[in-house]
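Both of the next two complexes hold chain A, though its partner changes from chain B to chain C.
After this line comes the complex of A and B, so read on.
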């Protein structure tokens, strides 16, 4: 029997089904519920009261503290992306251009941190960064410093953790896109009179924009939504929006308040990322 | 003046000797091909000239300048790659203008020179397109325009036609040769395709295993190959094992399984003082052989071998025979279709001593 066009289309759709179901049940439904809760009145005895209110949004949107924390969280995300990018690019470039037989081994080393859970790694950092940790201990004994350096329970400690944990995502994205660039393009640029640096700036860098884009979006999104790292390495000294949302919802038992914070953050992040993608897409219009 | 002199270039990767004493001179305005199988060192030689590799020893000079260790961007050499290497994120205009911008040429002059070179390569009106919107042949012409517009002292081409389909490749050969004469630029052309090298080049440098085996004009190379490798690589040739039997006047004798053969096509310097009985090779090209159903008259300058027709293929302008000789070799003969000898019948094949090559073992 001949297979009709509709049957073909149906069987193609079937391939989407498992993933679509998964995302539906574990992403779309909970998020819809989150949006729903954010429009409900707060209650001290149950998660929310029936009815409809904009009160949660009005409160958060007019709360300077909320905006400060959100601003700091987003700036922290940008800073993490920039640091990851600066550290990862040379490494990814070297990895992508390497013809060594140890290449895959190096690649494994780069992504091996992903084999260890975030929480465990944070405890690892604590051992190193604490006031009585390994680094301060060594520096004190060596007489380089008189008092322990504040390496943890501040923005510095959080950034160290974020960069270390999320860097592999950046390296993977960059390596892939640099690998796709024909090295002869750089050679050609050199033969046309470009210095090594100019050839990089004019050819390799713009051509690796797709990798920069995917890597930075990945790291940014993971960073600003990170919970365990700022909690463990920041202690109660640094507050980020995810921490604030959890505190509001669980500690203050204000589910609608926390939900509305999450929705506001979501909308702002999606807007910012759309602008970012649009700008980069314009810069990449010749590629593909 | 862009006379290029390669003097005793050596290059090793690990324990592999890639270039073994490469020396040759490329005259101003000459189109020279580096021809050889992959891994023979032709591309490495080109990369050394371009500055992407530095030879371990030896020197490269252009005109009066030693460029051996100069940065690629200071050499003023144009380069064209097999896969065109166009900058995909730039328009055709920006690709072609790249070298001029690097040289800080004023904007109006850039526009003028790009317009001119686009006319030379026949791609006017394509300036605003992106490379991916062009066909392979057009992309390669953009790559050539981009290399030529900076008026380099020398143009290097690394298998520039290998990615094109057969018909276009043929067209581009003639186009490149015409362009080179028009522009008058010195060109070094790397290829593994012997017919391409024969059509294009003023001179061909044939390389094997990091060594130059012969450097000669196409016709000379085809008629008088210096080594067995060269003879095998360029055109078709039948090779017989033989023992050297001494020089005699303009010729030499070699004893093969088919009898004593007289050879008058060889390089005397390879055989002077060679001991009697030394193993050598005798080569005869299929089109130099004549086939007949009767034994030709024995003449002093003619080598005659008897055999049996094993295979026969009609290919329009000739018969392509495979003949089993009395000595046991299978010999290919390309003969005019006016002589038609049936399969399985006995025959005689003959070649003049002037067409019989004597070659030393490698």
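After this line comes the complex of A and C, so read on.
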């Protein structure tokens, strides 16, 4: 019996339904509620007051401190992406091109940090980076320094944690992308006189842009929304927007204030990512 | 025929495990780890057996419970009995989430050293656990320990201090305390923050476990800790001492209250009464080195080296204006972030 177009459409809808439901329940509804709360008047004796107001947005949008912290959070995200990219690219290239029998093992080593919880990894870094930690202890005993280096409870410590925790996401994205590039293209370029660096710059790097794009978006989004790492390695002295949102919504009990911060951050990040994707897509189209 | 079918259905329903013997279930907020273990192994079984009920623990932290309670509303109680610090409990009491106690159903309430009243003057909260807090110091690093809060400003303690963030209840107490000690007014939080700024550089902790870790590692040499934490660290071999500040002590405390929307209020009252009995209070003291907070319970002789503050010392713990703090918390945290945490 022939399958009618209606039946095909119905089966397509059925396949789409679980994902649509999932997104509706766990993304659209919570975000809608967040948006709703962000317009409610703040109260010190209840979750929020009846009615609607723009006061929360006006307060945050005109608060220089909020913008400073948001700017630092976004800059921290960009810096983490750049550092992850610089460290991950050679590693991903090696992994993608390797024919060693230990390739799988190397791959496991790269992604192994993902098998340990973020908090536990942070505590590991604390043991290393603390004033009385292993690194400072060794440097002091070797007479290289007179006083402990400030390796933790500052932006440096936070960046170390962020890069280590999120680097595997970049490596995974890049490896898949580089693997998809035919190695013959590089060999051909070299046989035609291109140096190794020129072959990389003109062929491998541009063709791996999809991997760079997906890896950088993943790392950027995870970094700017990170909570545990700035909290633990920043020692409550490195404030980021997620920490500020949690403080406002849960510690200060100001749900509308926290919700409006989250919405502002969401809109700015979506805008920035849209521009970034557009620019990279444009660059990739030029390759075709 | 109909009777037979009905009998069969009833028999089937009764055969479902737990249905025939459906016991009343009480849900109480509780912290994970040692507290959860203590309640589950030493406290709950006796009460559950006596009242033929089940006590379930909702493990988490106060800020999560408060969010859940607010999200559920006053009519739907996610927890029947709430256990949390007064800084949080005060907020929920003002919002009307706690039922006034029926004091006839909590006979041991009369023995409690600290209770809280709601805006109608009815008792709706009782402290069941007290952990007095003061100045902790490493005995091998600090030969002349601070004896008062004001001593912390002495130059000899520079670069040795560990404090809490204002979002932690101990941090909030310290902030209000600085206002009280230096400006005779705990609501002078802006001036207090400027005064705390004079103590820089110092490490900041988000919770007491972090402070314990920093003292243990020697990252800070002088901090603020409760006496049970000091006892634990002493037993673990850390060279640590404790001073009761001359002005007053701070505390980590657990307030017990009944949710206004609870459907098991009689059982909730019985449970709180049970927690205030000398037997249960004595168990808290022995397990956690807490200070007895009901009349008739004393510190056992063998625990006196680890519990420096007895029940008579509870009056030396400062009471803070949490209504003021919670009402201005948003501004305080923002100012703290700008002045202290940068």
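In this text, the second predicted complex is superposed on the first by the 283 of 288 C-alpha atoms of A that agree within 3 Å, B and C clash if a C-alpha of one lies under 4 Å from a C-alpha of the other, contacts with A are read in each partner's own complex, and residues count from 1 in each chain.
The rule we apply is simple: contacts are C-beta pairs under 8 Å (C-beta built on N, C-alpha and C of every residue); 3 or more make two chains touch, one makes a residue touch a chain.
Being a predicted model, the structure only gives us computed values, none of them experimental.
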| item | value |
| --- | --- |
| Chain A as common anchor, with chain B and chain C clashing or fitting | fit |
| Which superposed partner A:286 touches (first chain B, second chain C, both, neither) | first |
| Chain B versus chain C as contact partner of A:191, first or second or both or neither | first |
| Chain B versus chain C as contact partner of A:182, first or second or both or neither | first |
| Chain B versus chain C as contact partner of A:161, first or second or both or neither | neither |
| Touched partner set for A:252, first chain B, second chain C, both or neither | second |
| Which superposed partner A:207 touches (first chain B, second chain C, both, neither) | first |
| Shortest CA-CA distance between chain B and chain C [superposed frame, angstrom] | 48 |
| Footprint of chain A on chain C - complex, ascending | 63-64, 66-67, 70-71, 91, 94-95, 165, 167, 203-206, 217-219, 326-330, 332-334, 337-338, 341-342 |
| Complex interface listing, chain B residues touching chain A | 50-52, 71-73, 75, 77-79, 81, 83, 85, 87-91, 98-99, 102-103, 130, 132, 146-147, 150 |
| Residues of chain A that touch chain C when the two form their complex | 42, 44-47, 65, 130-132, 153, 231, 235-237, 239, 244, 247-248, 250-255, 257 |
| Residues of chain A touching chain B in the complex | 182, 184-185, 187-196, 198, 202-203, 206-207, 284, 286-288 |
